[in-house]
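Following this line, the structures themselves.
Shared chain: chain A. Partners: chain B in the first complex, chain C in the second.
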Partner chain A sequence: MKRYFHNFGERLIEGILALSGAVTSLTVLLIVVFLFKEGLGLFSQHPVSEGGVIVVNNQNPVKELSAKQIKEIYDQNITNWKEVGGKNQPIKIFRLEDITDYYPEEQLGANFEYLPQRLSELVSKQPEIIAYFPEQYLSKNFQGHPIELENITLGSFLGGKEWYPTIQPAVQMGVLPLILGTLWVSFGAILIALPLGLAAAIYTAEIADNKVRNTLKPVIELLAGIPSVVYGFFGLVVLVPLIQKVFGLPVGETALAGSIILGIMALPTIISVTDDAMRTTPRAMKEASLALGATKWQTIYKVVIPYSISGISTAAILGIGRAIGETMAVLMVTGNASVIPHTFLEPVRTIPATIAAELGEAPQGGIHFQALFALGCILFLMTLIINVSVDMVSAKKKANR
Partner chain B sequence: MSFTSNPNLNKSKRFWQAFAFNSFRLLSFLVVAILVVILGFIIINGISVISWEFLTEMPREGMTKGGIFPAIVGTLWLVVGSLLFACPIGILSGIYINEYAKDGWLKRFIKLMTNNLAGVPSIVFGLFGMALFVNKFGFGDSILAGSLTLGLLALPVVIRTTEEALKAIDDSFRIGSLALGASKWQTIWKVILPIALPNIITGIILSVGRVSGETAPILFTVAAYFLPKLPTSIFDQVMALPYHLYVISTSGTNIEASRAMAYGTAFILILIVLLVNLLANWLRRYFGRKVKMN
Partner chain C sequence: MYSLESKDLHLYYGDFHALKGITMGMKKNEVTAFIGPSGCGKSTYLRCFNRMNDLIDNVRIDGEVLVDGVDIYQKSILVDDLRTHVGMVFQKPNPFPKSIFENVAYGLRVNGTKDKNLIAERVETSLKQAALWDEVKDKLKKSAFELSGGQQQRLCIARALAIEPSVLLMDEPASALDPISTAKIEELIYQLKENYTIIIVTHNMQQAGRVSDNTAFFYMGELVEYGKTKNIFTSPKDTRTQNYVTGRFG
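Take a look at the complex of A and B:
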C-alpha cells in the first residue's frame, strides 16, 4: 500500500513537471492564436475611416472603389469619374466643412439638426459629387448611395506603399515601407556588427591569451545586459546629433543611427555564438595544419573558420533576428518616417517601432488596432523563420559530426 | 596552445599574420571602447544627478524636478512579480526537459518551442500581454498583467539556465543516489538540485537585469506616464524606470529641462545591470571555489 502511494507521488510530480514543460509551447501557441485572431480580422474590414461614410449621387454608376483610389481622388490625382470606371465628368470633392459654401447657417439649424437632410439634398442635386462625412449624419431616406470600399486584401496590405492608418476618408494600410525599413536597418546593423563581432570572436577564441579573454567576457556580458532603452537614450543624445553634424543633415534621426545602435546591440550575440563555434574545432585539426607548416593565421582562416562556418552563419542569423525585433532603441533614433528608404541617411520606420508608437492611440478592436496586430504577426513570422532555420542549421551540424 | 616560430616562415606570410592579428586586436579593443564610452557617458552625466532626494521623491514640475521614487518602486514590483511567475515554472520545466523527457520528437519540440519563445521580439510579448492579460482576462493595465508578460519573457532564460546547470552535473551522482534506493524525485530533490542551485540562482539574478530594463512589454500592459501615488495592489498601474526614461527623453513636456532627470534614470538602470552582473560573477566564483573544496 505504501509503495502504491509512493509511486503515485512520483507520478504526480512527473505530471506537474511535464505541465511546466508544456508552458512554453502553450505560450507560443497562444501567441499565435491571439495575434492572428486579431490580425486576420483586418482582412474583413472596410478601409473607410472609423465612423465615416463615403457617398455619391444616385445616377453615378460607380459603386465600389479601393482605398487607394479614394486617396488619389482626395489628393486630386484622379479628377475625372472616367478614370475609376464612371461617366466622363469631373469629380467634385465634398468634405463636411464645405457645407457652409452651399447652405447658410440658419438652414442647417442651430445645432445642425437639419444637416442630414441638407447633405441628402446636396448629394442628390450634384451628379459629380463625392462626399465624406460622419455616419451619424446619414439620414434614413438618404438620396444617394454609399461607396462600397474594397476589403483590405493580403496583397494590398503587404504590397501597399503607403502607411497612413488614421488618414480620412480612407485609411491606407500598406506595410511595404515598414517591412523594407525593418530589413534596411537590420541589414545595416549586421554590416556593422558582423565584421566587428567576427574579429572580436576570432581574437578571443584563437589569438588572445586567457587574461585578455577573461576581461573580454564580462565586457560582452555587460553589452548584452544594457537595456535597449538606455541604448536608445545614448543614441538620441550622442549619436543622432553627431550624425546630423558629420553629414550636414536637417535631422540626425536616420536609418544609419538605428543601424549603428542595433549593430552594437547585436554584437554580444554574434561574438558569443561565433566564439562557441570556433572553440569546438578539434585540436587535432589545428595541430595538423600547424605541423604542415601553416602559420597560425593560415590555420585560422583555412581550418578554423571553414570548420565553424555553420556556427558563424547561425551567429549572423541570430544577430539579424535580434535587430529585426528590437523596439525601443530603434523607436528613439530612426525618426519613424514611413517612407520606403533609399539611403541610410533618411529617417525610416520599422515594424516594432510602429507598433510601439501607435498601439496606444489605436481604438481597441478598430481597423488600426487590427492592422498593428497584423504587423505583429509579420514580425512573429519573421523571427519564427529565423529561429527554425537556426535550429535546422545546428541539427544539420550535429548530424554531420 | 603554443606556437614556436618557424625559421622557414617567409616574410610575406609573417607580414600577413601580423597584419591580421593586429587588426583583430584593434577591432576587439574597439568593442571594449564602445562599452567604455557608453557606460562612461551615462555614468559621468548621471552620477551628479543622484541624490537622496532623487531616489526618494516624486517627480515634480512636469518631470523636470524631484525624483524617480515611484518608478523605482514600480520596477521593483514588476521584477518581483515576474520572477514569482517565471522561477517556479522555469525551474520545474528545466528539470522536466533534462531529467524526465526522453530523447525524441517531444523533447526536441519542447526545446524548439522554448527557443522560439526566447526569440519572440519583446514588442510581440507586449501585444500578446495586452490581448490576453489586459483584455481577455480583464486585468486591465495592472502590475499583474505586466508581471505575467515580463514573466513569460524571462521564462526561456530560467529554463535554459536550469537545463544547463543540471546538464553539468555528472551522471555518477544520479546513479549513486538511485543505487542507494532513492526514487527519481528524491534523487533530484536531495542530490541534484542542491548541486545545481548556485548556477540556477546566478541565472535568475542575470534575468533580473533583463526584466528590470525591458520597456516594450510593459508599454501596453502596466506602465503609466505619471502617477501621483504609489501602487497599493497588484491591480494598480505603476511607473517603471525604463518607461520613465523613454517618456522623459522623447515625449516629455519639456525635453531639455528634464534631461538631467533622464541621465539620472539611465544611470540607475545601468547601475542595476552592473550590480546584477557583479553579483552573478561573484556568486559564480564563490560557489566555484566551494565546490572545488568539497
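Take a look at the complex of A and C:
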C-alpha cells in the first residue's frame, strides 16, 4: 500500500514537471506566433495615414503611387507629374488648410457642411492638383479619383531609408536606419566591452590571487544586477555631457554614448563567461607549459586563451545579444534620430528604443502598430541568429574535447 | 658531484609539515625511483627540483635544493631558465590543444628559438627519442588529441626532451596507461638514462624494480631508506620499507 502511494507520488511529480515544461514551450510558441501574426499584417496595409485619402483630377492618368513618391511630392522634390508617369504638367499640392485660399469661409458653411462639395469642385477644376484630406470629406459623387497606394513590401520595409511612421499624407516605413542604428551601437559596445572584458577575465582567472578574486567577482556580478534605467540615467547625466564637451558636439546624445553604456552593461556577462571558460583550462596543461620554461604570460596567451577560445567567442556573442536587445538605457542616451549613422558621434535610433518609445502612441491594429511588431520580428530574428551561433560555437567546443 | 641534491629540506603547506629534512643526492645517468604510499611527499619532493611548488599558495621551504651544485632557491635564479634544464613529465598525458608538431615545438618557441629548420630538426629528433616518430611522422599537423593515451604520453616526453634538459622528472608517467604503453615508456626510460638524470615517482613496485638503479622510500614526509634498488627490494634495512615493498601496507 505504502509502495503504491510512493509510486503515485513519483508519477504526480513527473506529471507536474512535464506540464510546466509544456506550458513554458507553449507560451514561448504563442508569443512568437503572436509577434509574427501582427508583424506580417503590415504587408497587407496601405501606407496612407489613418483616415486620410489622396485624390487627383479625373483627367490625371496617374492611378497608383508609392508612399515614397507621395512624400517626395509633398516635400517638393518631385514637382512634375511626368516624373511619376503622368502628363507633363507641374504638380499642385493641396492640403486641407489651403481651402480658404480658394473659397471664402461663407461658401464652406458655418460648420464646414459644404466642404465635401467644394473639395470635389476644386479637384475637378484643377487638372494638376493632388489633394490630401480626411476621408469623411469625400462626397458620394466626388469629381476625381483617389490614388491607390502600393502595399508595403518587404523590400521597401527593410531597404527603406526613412522611418516616419506618423507623417501625413503617406507614412514612411523604412527600417534600415533602425537596423543600422542597432548594429552600430551593438558593434561599438562589443568593441569596447570585448578587450576590456577579456583583460579583466584574464586578470581574475589567472593573475589575481584568491583574496582579490573573491572581492572582485561579486562586484562584477553586482554590475549585472543594476537596473538598465539606472545605467541610462548615469549615461544621461555623466556620459552625454562629457561626450558633448570632449568632442565639441552640439548634442552629446550619440551612438558613442549608447555604445559605452551598452559596453559597460555587457561587461559582467563577458567577464563571467570568459573567466569560467579560462578556469576550465586544466591545471596540468598550464603546469606543462610552465615546466617547459614558459613565462606566466606566455602560458596565458599560448595555452589558456587557445584552450578557452570557444568560451571567449560565446562570451562575445552573448555580450552582443545583451547589447542588441537592450532598450531603456539606449533610449535615454542615443538621441533617437532615425537617420542612417555615418560616425559614432551622430545620434541613432535602435529597434528596441523605437518600439518602446512609439508603441504607446500607435493605435492598436493600425499600420504603425503592425510596423512596430514587424520591427519586433526583426529583433527576434537577430537574437535568434545570435543564440543559434552560441549553440554552434558551444557544440564545436564539445566536439573539440 | 650529484646532479640533483637536497640538504635538510623542509617543506610546509601552511601549517602542514610535508617534507621533513630530506637529504639525498642523485647522480647523472642514473634512474632513481621514488616510492611510498599516497601522501608521503614523494611528488612534492620531486616538484622541488623544478620549483613547481611555487605555483601553490602558502608553500614555505627551508634547506637547500641543488641542481648541478647550484642552489635553485636563491634569488638570482630565473625559474624559467631552471625549468629548461629540468624537464618534467606529468602523471596524466597533458598535450596542448595544438598540432603534434606544435606541441613538441612549444618549448623551443617559448624560449625564443625562431630558426624554422632548427625547430623542425629538434621536433624530429625528440619524437625519435620518444619512440613516437614512426607513428606520427605522416600526421604532424593533426591535433595531439587524436593520439591514444600512450602516444600522448610519449608526445609529452618528446615535448620535454625537445628543449634538451639535463634532468627529467617523471611523476607517475605510466599510471594512466595500459600495459603495452607502459612497457614502451619503461623501455624509453631505460634508453634515456644514457643522457639524462631521471627521477621517476611510481606506485608500481615492479616498475620501480624494472627501470631504476636506485630507489628511495618515503613515508609521512620522511626519507626512510635510500639505496640500490636491488637492496631496497631484497634486503631492506627498515621494517617500514620491508612492509611496504612486500605489500603489507600502502
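FYI, the second predicted complex is superposed on the first by the 390 of 401 C-alpha atoms of A that agree within 3 Å, B and C clash if a C-alpha of one lies under 4 Å from a C-alpha of the other, contacts with A are read in each partner's own complex, and residues count from 1 in each chain.
The rule we apply is simple: a residue touches a chain if its C-beta (ideal position, glycine included) is under 8 Å from a C-beta of that chain, and two chains touch if they have at least 3 such contacts.
The structure presented is a predicted model; accordingly, all values stated were derived computationally and were not measured.
Contacts of A:379 after superposition: chain B is touched, whereas chain C is not reached.
Applying the stated contact rule after C-alpha superposition, one finds that A:295 touches each of chain B and chain C. Contact with chain C, but none with chain B, is seen for A:209 once the two complexes are overlaid on the shared chain. Of the two partner chains, chain C is the only one that A:282 touches; chain B does not reach it.
Chain A has more of its residues touched by B than by the other of chain B and chain C.
In the superposition on chain A, A:306 contacts chain C only, with no contact to chain B. In the superposition on chain A, A:391 contacts chain B only, with no contact to chain C.
In the superposition on chain A, chain A positions 287, 290, 293, 295, 298 are in contact with chain B in one complex as well as with chain C in the other. The touching residues of chain C, counted against chain A in their complex, run 50, 52, 55, 57, 80-81, 83-84, 87-88, 90-92, 94-98, 106-107, 109-111, 145, 156, 159-160, 163. Those residues of chain A whose C-beta lies close enough to touch chain B in the complex are 6, 9-10, 13-14, 16-18, 20-25, 27-28, 30-31, 34-35, 38, 195-197, 199-200, 202-204, 207-208, 215-216, 218-223, 225-234, 236-238, 264, 267, 271, 283, 286-287, 290, 293, 295-298, 300-301, 321, 324-328, 332, 352, 355-356, 359-360, 364, 372-373, 376, 379-380, 383-384, 386-388, 390-391. Put simply, chain A touches chain C in their complex at residues 209-210, 282, 284-285, 287-295, 298, 302-303, 306-307, 400-401.
Those residues of chain B whose C-beta lies close enough to touch chain A in the complex are 1, 3, 6, 8-9, 13-14, 16-17, 20-21, 23-25, 27-28, 30-32, 34-35, 38-39, 41-42, 88-90, 92-93, 95-97, 100-101, 109-110, 112-117, 119-124, 126-128, 130-132, 135-136, 152, 155-156, 159, 183-185, 206, 209-210, 212-216, 219-220, 242-243, 245-246, 249-250, 259, 262, 266, 269-270, 273-274, 276-277, 281.
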